[in-house]
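Heads up, there are several structures right after this.
Next come two complexes built around chain A: one with chain B, the other with chain C.
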Partner chain A sequence: MLINLLRYEIKRIVWSKKYLYIVLLIVASTYDLLTRLITGGYMGTAPFSDWTYTLFLNLISPLLMVAMIFIISNTFNDKEMRARSIVLSSPISQTQYYILKSAAVFVTFILTSLVPIFMSFIYYKAMFGYNEFGSFINLIFVFLFPTFIFFLGLSMFLGKINIKLIYGLIPVAFLMGALNLGGNIIPIWADIFGNNFFNMYSFSMLIGREMEVVPFEMPSSFIYTRLGFILLGIMFLVYTCKKGEKK
Partner chain B sequence: MNIKLENISKKYKGVKALDNINLEINSPAMIGFVGPNGAGKSTLMKMLVGQLLPTSGSITVDGVPLNKNEKHLKERLGYLPQDFGLYEELTVEEFLDYMACLKGIKENKGESIDRVISMTSLEEKRKFRIKTLSGGQKQRVGIAQAILNNPELLIVDEPTVGLDPEERIKFRNLFSEGSKDKIVILSTHIIEDIESICNSIIVLNKGNILFVGQPSELVKEALDHVGTIEIKGNDREKILESEMKGEFKITSTVITPNGTKYRVVSESLPSSFEKITPSLEDAYVYCMLKGEVQNGK
Partner chain C sequence: MANKILLVKNEIKYMFKEKVIILLILATCIILAIGINSLNMTNDFNLFYIKRNSSTISFNSAKFGATICSLLFALFTVLKLDKDKRKRSRTIVESNLDYLYIIGARIFSIIFYAVITTIIGMIAVMAIQKLIYNIPIDISYYLFSYLIIFFPTLLFSILMISGLYLLTESLDMSVITFGMIFINSLESNNYLLTWVRTNLDIVSDFAGIGPIGNTIIYNRLLWFLISLSIFGIGLLFRRRYESGVGSSFLINMKSKGLLTLTILVILGSGCTYTKEPYTMELMNDLDISIDENICLDGICPEIKFDSENGEMDAHVSYSFINNGSNTIKFDINDGLKINSLKVNGEEIVYQKIKNKNVIEVSIPDVEKVNVDIFYSGSVKCDKNGVGRGMPGYISKESIYLLEASNWIFRPLIAEGDMIDISGYYIAPDYLTMVVPGRLVDVETIDGNKKWIFEYSSHTADIGAFAAKYEKAQIEVNNVAVEFYYTPKHEEYVDNMKIVDHIKSMMEYYTQNIGEYYSKDYPLKIVEVSIYKRGGHSSENVITFAENTINRDNSMYSILNKNNEIEDFRKVDIYANDLNLIAHEVAHQWWGTGVNVIDDTPWSCEGLANYFSYKYIQKEFGDMVSSGVFLQPWKYRVNELKNYYYINNDDMKEKLNERFIRSLEMEKRQAELYYLMPLKLLKGEEIQGEKVFLEGIQGVYRRHLLKDLTYDEFLQEMNLTREAIDVD
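Presenting the complex of A and B:
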């Protein structure tokens, strides 16, 4: 039953013109990033180094997150609110309803993230004959997932208050991710995308380096901050699920 | 099923939408809610399905307070709100399958879907996306999802809006047949719908119940309060003036070869009027008029 419901929810998101345009934008953006910025490598490292791949993830994640926040806004738009009067007259609880919606967005996020990830893998294989993608998986989990979980929770929380807050979050999220690339504009405690850490870490490790290959080893303090964002996102989600809506 | 409302009141920003409502409903019943816009019909229905909380008072379902028994109610409920949305990206069949999953229909799910598709004459549209359907067809999808689980309690708010006369009659009969062993609550502005199928009528106005009983009882209350008069020439102005003053309400105006024939409802019918047997519509108007008189308006 639940799988069936999830399948329909995902279909509702994915089987739309909006989603097609989002995917096309991501494809175009990924192609541009790979051919223009990634192909030369980051700070003298190889284009397929962990350093360069992290840069790629940092470059693509603002667009991915904004796309997801935009998709989450559907949970609170007028159409959905009108359908909710029917949906919530069934035995499904408010908590189950939000879990269902969040699960659908989560699966959509995985599907959408696979577009730039597979494109990058294909690019590496075709351009450099490189196919050792194992270490990239770790980076994908550390850089993309915590950011997504945080924005999923925050968007659900804000959407429940007012959908306009989600629309307001879209440019804020994009600017937080895009403006901070190399600039360290965002304070370290608000380093949701992890690019503040990446800049500082890469400057400290790569500039004036003595070794030809510098391993990309993330300090545990950074991992903890990423776990912190996951926890915050989950807390926002739990609040959204539990907070009563009856007037 | 037994539903009991005790001293239910609902306030929106200081305005009373419902004022001390007391009501008991036992199955089987086919109940019609009537009243003008803003009477509190939709508010009352939303409370009955657990989507609104009363400001004061209690609702019990089978003896258990609704807030502790919501799942029990919703497993037995079919609901069609007045203003609803559907998942328009899905086909009719997919949407009904989605609703069947939500309603926890496990056994004979396919047959249940086929049954409601057939009952709502949506066979040709079952593979069509809902966004391609007309307003009336969407209304039928709304009705289909409401009856999908063969509910013990069916609450439908203005279900015949957007349907053509033939469809209206068909759905009226469908609700009526369904009420043999369950509770069907129907809210409408169309008195004819109530007259045709409801064995009980509840008249609401400004958050108060003005009448609860059988339609025939409502009609009985209006006896001697409905009449007709045929007016020639300038006397027309007089009758319209009297209506403006609230002495009576005109329920029909027919132009005849001799002038204009008025059908009126009045608390005290003037002797110049010829008394006639009231229709349910006349009785409803009389009930509203009496309510206003009692409120000193």
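Presenting the complex of A and C:
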């Protein structure tokens, strides 16, 4: 039954004008980024280098995350809250309900991220005849997923307290993703998007480089912070599932 | 009408009771306070430790605040507009009164609170400046920063998000679309598109807001029209009761006033964008083709500056030697309109070359050709260079005109051995004009001064610089040096011993290169505004941007009483500043004294950088000179060697022309400024410092006021290209 409900939830999100509009914006934004910024390559690296692809992921992230936060906010809007009392009177527990909602958003996130990812792959193939996308998968997992899981957990957590707090999260996500404040201002453990790390790391690795292809090897400290964000996100989710509903 | 006012009043009262607005005002004040120090949070090393004053404090706080608060106000606006939809109370409201009134009242109330927030935020920052930093307040900078930058950004955010919300009727869609417009503004270099925080890095303490004021106001006008357009479109698509987008639009269209106004503001936005009057596309050196059959013999510029209106009136006479051409091309500035053009005394019609700022003038097939051009207007600068790289401007407080702005129309022809240049500049008498060559006389005429000058040069690069200057007269080895700086920065000049350093540079270069090239022309060192970063040298005038001598008092601690380095944290900045002056002074030997013929990587830039590096090494030791210059040069050269598009030339076809050009410029600059001095250092390493410098002295002596090619240099220095190759 849960699978059917999940399918229904996903369909409800994806089969809407709002989602179509978001996807169109993502398509437009991806096209603009690829043709305007990515073609030139990041700091003189190839446009299909891991460095440039990470830049692409960093540039597309704020839009993806804010879109997802909005989708999550729908879980806590008045209409949904009214429906929840009916849903919870069925044999679905509160934990199952939130897992169902989170899983639906998670699948939607995957579907949505596939749009810019596939667009970039097609672009690389068509423009540069490049098709070795294996290393990009790694970057997608390191840069996109922890950020999303953290925001998913945090949004669920905040939404449960008060939906207005989710709206407060939107400018934070936009600013943290779009502004690069430098390594000294945003410490690595608070670098949700990983863009400040990427900026500092690429400076240290690419300035004065003595080879054309510099391997993008992420330091373990960075990987730990990404795992930390995943863990935090999951903890927020668990808390949301366990904490009793407000009367 | 009374009902509408009552509605707005109630909305304002109601918002106040909600307390969110209080939080928003408080958050804004905190953000603005943090923004005071935002310049030191950037990666812009050259702007670190800039002296705090009204211009920097007000502008930095407003710029930082505008970036964050525009998002906060946008979100607040859209939540307010969406309130009835979320609470499902819209139908009830609509049954009582036109919902448009409610929307209007809400937007008006939010704008009212944006005004209140701006005033409170401005007062808070002023209080911090006065009470914490104890710096006197210049209200004009605050009014500019908060009324022209901060408040309009909030206003545009409110109008745009309202329009987007009315258009989409969705909180999510409107916020995401707004976010995209916001991010695009942050990423753009075009001053017209940077509506959030403008593309200024800093407001000049030297020149004030005059040189950029018009462009900022124009940006605000454009975005006011764009945000009104979005708002108007939103109103046209505002959903009517029980109606969809299409039917609502048909109903709303019946309001002829709204429809006309929306069309007008959309057309206005388009016109304002396309007919932008302050900038142009400047040609870069790579695009210029020179006619070798004609050479320039003399120029006589007679210029009158109207600094109040930012305009000039010019009559420039050119003398050419023609060896068989029948046309001359001039690279012009689009802001200057030609009133009349005469060839050998006869008025003729010229042709403007399509899509280029170049005119073509027909000339007779005679040996001596004189061209007189009469033109007037305002100098335009590059769209992407507003506030950062303006090669020319005329403002009330200062005049800054480099040859690169084509303020004196540049003939695209070969330059003769020596060009005789004489003429005059007329400017208001409160300005001190710095003229190239020798100042012959100064006459006072009706509140203006006429600065008459003359000189001979191997280039036709003519500059003009003016401001309310303090002048320090220095005598070094019988060479007169005039140092012009604003009295505002006198304390820093004294404390950081800038005059002593200038003397020391002159002595070092005289000793290690040779005598200064002229006994007739004094060296003029001029402080100019930050609106053109870095420095410049042409003929006997060198300029450097104000940040070089406008740092915080905390910089004084880097030197102790014995003039020794005390604070190594700030020494890099100090060394960098002095290096800029040393580099430009070195151009008096290489560039003006000896005409170094460009043959990449060979140019006067490499020699100037080599000698400024040597000077800094002498003053600060190996650790500083190597860390601040040598290492970054090596890094940059290595880095460019490994650029993908540089190594894969065939892939360049994937790039657009603008990107290819910028990549080629980047490569060329790295070769001229970094690779060549590294090659010279390699030569020094091979021959030993003493022999190498003696060799250079010989080269300088032999080529003084003559040309010097790369091959001549290598031959006379007993070096080969291979020997000084840097791997």
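We take it that the second predicted complex is superposed on the first by the 240 of 247 C-alpha atoms of A that agree within 3 Å, B and C clash if a C-alpha of one lies under 4 Å from a C-alpha of the other, contacts with A are read in each partner's own complex, and residues count from 1 in each chain.
Simple rule for what comes next: a residue touches a chain if its C-beta (ideal position, glycine included) is under 8 Å from a C-beta of that chain, and two chains touch if they have at least 3 such contacts.
Bear in mind the structure is a predicted one, so any value in this text is a computation, not a measurement.
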Chain B and chain C placed together on chain A: clash or fit? fit
Counting residues of chain A touched by each of chain B and chain C, the higher count belongs to C
| Where does A:M81 make contact in the superposed view: on chain B (first), on chain C (second), on both, or on neither? | first
| said: Quick check on the superposed pair: does A:S49 touch chain B, chain C, both, or neither? Answer first, second, both or neither. | reply: second
Exercise. Please indicate which partner A:L175 is in contact with in the superposed arrangement: first for chain B, second for chain C, both, or neither.
Key: second
Q | Partner chain(s) touched by A:S89 [first = chain B, second = chain C, both, neither] | A | first
- Just chain B (first), just chain C (second), both, or neither: which does A:L158 touch? neither
- Task: Check the residue A:K11 against both partner chains and state whether it touches chain B (first), chain C (second), both, or neither.
- Result: first
Across the superposed arrangement, the tightest C-alpha approach of chain B to chain C, in Å, is 12
In chain A, both chain B and chain C touch residues 78
Chain B residues touching chain A in their complex are 49-53, 71, 74-75, 77, 79-81, 83-90, 94, 97-99, 101-104, 106, 142, 145
In the complex, the residues of chain A that touch chain B are 1-2, 4-5, 8, 11-12, 15-16, 78-93, 246-247
So, in the complex, the side of chain C touching chain A is made of residues 41-43, 67-68, 71-72, 75, 79, 86-88, 168, 170-173, 175-177, 179-180, 182-183, 186, 631-632, 634-636, 638-640, 642-648, 651, 654-655, 659, 663
The answer for chain A against chain C in the complex is residues 18, 21-22, 25, 29, 39-41, 43-47, 49, 62-63, 66-67, 70-71, 73, 77-78, 127-128, 164, 167-168, 170-171, 174-175, 178-179, 181-182, 184-185, 206-212
